[in-house]
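These are the structures in question, set out in turn.
First chain A sits with chain B, and in the next complex the same chain sits with chain C.
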Partner chain A sequence: MFSRAYKATVTLPPVIWVTVFLLTPYALMFCYSFWSVSATQTIVHSWSFDNYAQLLRVEVYWQTLLRSMWIAARVTIFSLLLGYPLAYFLSFHARNKKDLLYQMVIIPLWVSYLVRAYAWKTILGSDGVLNTLLQYVHLTSHPLEFLLYSPFAVVLTLTHIYTPFAFLPIYAALEHIPRNLVEASHDLGATPGQTFWRVIFPLSIPGVVAGATFAFVLSLGDFLAPLLLGGPSGIMISNVVVSLFGAAYNWPLGAAISFCMLLLVVGLLFFSERLEKKWSFS
Partner chain B sequence: MSGTRLVQRTRWLLFHTAAVFAFLYLPIAVLILYSFNGEGVGGFPPHHLTLDWYRVLFADGAIWDSVLNSLQVALAAMVISLCFGVPAALALERAQFPGKALFRRLVLLPLILPGIITGLSLLMLFNVMRTKLSLMTIILGHGTALISVATTEVFAGLQKLDRAQEEASLDLGANYWQTFWRITVPNLKLPIIGAALLIFTLSMDEIAVSFFLIGRDNTLPLEIWGRLRRGITPEINAVSTIIFVFSLVAIVFWYRLRVRSEGRAEAVAEIVTAMEGDAA
Partner chain C sequence: MAKQFGRNVVLRNISLEVAEGEFLTILGESGSGKTTLLRIIAGFESASGGELWMGEERLDLLPPYRRRVNTVFQHYALFPHLTVEQNVAYGLRVAKRPEAEITSRVAEALEKVKMSSYARSKPAKISGGQQQRIALARALVNRPRLLLLDEPLSALDANLRRQMQVELKSLQREVGISFIFVTHDQEEAMVMSDRIALLRSGELEQVATPREIYGRPATAYAAQFIGHTNLLKGDVLGGTVRCGPLAWAAQLPDGPALFSLRPENIRLAAGASAASGTVRVRGKVLTQAFHGATELIRVDCGDGLVLVVRTSGSGGALNDVELEFSSANAVLVRESPERV
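Let's look at the complex of A and B:
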């Protein structure tokens, strides 16, 4: 029903824009990752695998990447542990309070990411709210120093930020479960536990996979929370990239790490897409 | 089925839910409370409740300059994202062209990709093109990254749209341009307004992409970031509290406006389904 001209008009402008401002930059990042920096701090446009070889050779890059993945994995697990029962409660037990509670999960998303990370900093600091509260009620006599500038602070803050992101797709998946399946399970004599594990949970897996992907990928690439709350032991891979693009001035090496992250993320998306397809029931 | 066990289970769930809400709201409560604290951002119990920090804030020119910059960026990014995101949704739903699958993935990628990758790749582009970093480069960055939001929202709207009206319009002699403005757009009013609001708020809050594309003028998040590094005062709590209140007003406004589009929440859910490949 739509003419060729119509299709071309709606297709060409976004395709061109996306090619110029998304595809080209990614391709450029790929090119940069093979270049190098000369002694006079200019980019040398000669092609070699040196940057990637350096990533494999220098331990600190590997360790930081592994630490980032471990932090992201913990954030993912905690977000799911917090988000899943919350989604389940809202979907199956909240009755007429459903809409209100749902909005209440969303509202914290409207407070700036940066501001919430900052709020945690003021809570966890050595003269922060939590430490002074603990001393005020005489539970501790000295400030607990491990609270701030540690991987703990980063995991806590990122869990806070990504729990709603994990919640949303799980909730959507639970809401899409036909309620008569649950009733049928009860009628056929299954206990609530059996109904949950054999009917509800399997049907919610696509939502869990989507939520986990969001939480993992977004926290893996985070660099502001580690800068603000992580201290030296909470440095993540993106912080290394930031310093390579800043003070260390080695864009090509930074581009190589970024490109590896891009591949990792795209690979994860592909993998989670397969998983979701496998488990979706429609 | 044993009733007491069910009650116990529900009670446990209720407790869990309350705990998660406490966790989600604790920093926000602390943030707001300490914006009135005369003694600074830490320390329990809060002392000397005061409005001084708000007075400091209103006299602070740099913050308000950055707010103006952020508003400009958000409005311009909104225009770019809609101008390219709405046609992109139409193209994905109605046209077949080589590379369509790749195009769909590329458009949606910035949503899930950590901002640092989007920001850095654009930085390299601007560097190669010898473009000076400014608010303009941030606008291009936000505008490009947020096309994804416009596309997912409008695409979802299109799928619920009855094509018969457009068909009738074309049969009755209207051209495509007239049909688009008089039939398609009015029918997509809600997704478009929803997308616009979402893009606006996301852009106002964005920092990871802006971090790399910033020139001389700061956006509000970057201004706050700069201050955090220099030492923290409740003035930041005060400006955050004000923005939070404005956001709440926007949510209520949106909620009233909404009939079927469920805002940010559904946007995320729709993004997920879109990434699963339903858009193909």
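Let's look at the complex of A and C:
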């Protein structure tokens, strides 16, 4: 149907793009993860599993990884708790305000990540908006320290930033539910609550899984929010990687951590894809 | 059972009663408001005026899930994430019936629609006709007092459709539940219904049995929509109707009148002279369309009058013919004014 030349023209650019910008760097990173750094700060191209062994041996690395996963898990849960009701309301009850509300969910995505992160800094800081307000109404007598530079601040900011990512696939899934199924459920005697749990929620699960995956994967790899708002207790694994590639000048160890995270994320995507398939029926 | 509606725009002055165990068809073209009427009865839409009663119970104030009315949807609306069995059990589950009762009633309902062997299939894995039966079983298992069917056969091919018409009708007799069946297919309506309610642009044109609505159409629209007919515009003067070359006696007041004359009530004239009460007219055959058992002939009788005649179709090519019909078969109908 299409000529070979046409097929080649269409296929080649993405293949080149993926090879140059994705596969090659990953392959390089994979190689680096087996090399080491000499005392004179040069990369030694000798192959060993030392970096991976170090990851398991040194407590701070895998503890930071676990903490990152725990932060990402909380962000995921809160994003779903916020995103699902929002998506449900928009899809089923917003009627003619639907488009307007939808835009209002999307618009924050146009605002720079940094601006949003700094905004939270202004709100949560010890002389920030929240603390000033709390003291003004005499709920507290001195600034609450745990608000900023804590895992709490990181979870809060990341939830704010990634809720739209959880919202979108859920909204899409809800929009795809044929409305006559909802009518059929009511017709068969199911109350609105029963209809939600027996029909609407099960049919929205692919969206929930996709949304959860977005929120978890994106927040797991985040390094700006913990950098700006995390403080020492809110450090995440990406900050470790950044410092290993930067000041610490240990690219091989950084590459090993990156590769472990890559494996983790790919495994997760694979798992969530299977889950989505299992729950889609169209 | 009594129902009354008044709904601006889509439906006007609808008043309809359905008897216990009756098969009533709401027949109308698309856009006539028939689906809206059904959705009001089911409770998916509310009427802007009027009341809806089932026995002693006022329905229109209840939400759809409190009405003892079930619906078979046009595209079946089976739950894709549930098996056939779970779909049928849905109504009983949400009503929190005991599990043993659910099992036996679901099995019985599946038996009734001959779908027992598909109990564990997902709806996507079965054919349209089978989905249709499941939709029916899912509604009937709840033993509603009234079953609503929204063009349930429209998605099936012609053969399966005829088969389902017969099955549906016999199932309805068996369970004895009142059916309100919505369709745009007049043949389907004729075959299945106890009574037909003909809806046109949101108003009821005629409510009658299929025989009555065919033999004695009340309006020109009813006569034309159900079967073929010849509409004769006549003038009555002193007990005689004149319509082009035709004339017959009728006890009607003077003035213009409209008559419906079915093609099968016109014959090719035989014998020397007309019997009393029959009208004869000569004409030239314009076209002949062979339909197998019958043949439709269009005959120009002069004076701008063209009659369509249904004959047994064994005559071969025709040219000049003499037609006759009994004046009793020319049924007086009301004009159907244009509505928007």
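In the analysis below, the second predicted complex is superposed on the first by the 282 of 282 C-alpha atoms of A that agree within 3 Å, B and C clash if a C-alpha of one lies under 4 Å from a C-alpha of the other, contacts with A are read in each partner's own complex, and residues count from 1 in each chain.
Basically, a residue touches a chain if its C-beta (ideal position, glycine included) is under 8 Å from a C-beta of that chain, and two chains touch if they have at least 3 such contacts.
If you're wondering where the values come from, they're calculated on a predicted model, not measured in any experiment.
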item: Side-by-side fit of chain B and chain C on chain A, or clash; value: fit
item: Chain B versus chain C, judged by how many residues of chain A each one touches; value: B
item: Contacts of A:Met236 with chain B and chain C, given as first, second, both or neither; value: neither
item: Partner chain in contact with A:Val154 - chain B first, chain C second, else both or neither; value: neither
item: Partner chain(s) touched by A:Pro202 [first = chain B, second = chain C, both, neither]; value: second
item: Which superposed partner A:Thr191 touches (first chain B, second chain C, both, neither); value: both
item: Which superposed partner A:Ala256 touches (first chain B, second chain C, both, neither); value: neither
item: Degrees between the directions from chain A toward chain B and toward chain C, using C-alpha centres, nearest 10; value: 80
item: Partner chain(s) touched by A:Leu228 [first = chain B, second = chain C, both, neither]; value: first
item: Touching partner for A:Ser112 - first (chain B), second (chain C), both, neither; value: first
item: Lowest C-alpha to C-alpha distance for chain C against chain B (Å); value: 5
item: Intersection of the chain A residues that touch chain B with those that touch chain C; value: 186, 191
item: Touching residues (chain side chain A, partner chain B) in the complex; value: 1-3, 5-7, 9-11, 13-15, 17-18, 21-26, 28-29, 32, 82-83, 85-86, 88-90, 93, 101-116, 118-123, 125, 127-129, 131-133, 136, 160, 163-165, 168-169, 172, 186, 191-192, 206-207, 210, 213-214, 217-218, 220-224, 228, 238, 241-242, 245, 251, 254-255, 258, 261-262, 265-266, 269, 273, 276-277, 280
item: Parts of chain C lying in touch with chain A, wherever the complex brings them together; value: 42-44, 63-66, 69-71, 73, 75, 77-81, 90-91, 93-95, 122, 124, 138-139, 142
item: Footprint of chain C on chain A - complex, ascending; value: 178, 180-181, 183-191, 194, 198-199, 202-203, 279, 281-282
item: Interfacial residue positions of chain B with respect to chain A in the complex; value: 1, 5-6, 9-10, 13-14, 16-17, 20-21, 23-28, 30-31, 34, 41-45, 83-85, 87-88, 90-91, 94-95, 97, 99, 103, 106-107, 109-110, 112-117, 120-125, 128, 140, 144, 147, 163, 166-167, 170, 176, 201, 205, 207-208, 211-212, 221, 224-225, 228, 232, 236-237, 240, 243-244, 247-248, 250-251, 255, 263-266, 268-269, 272, 275-277
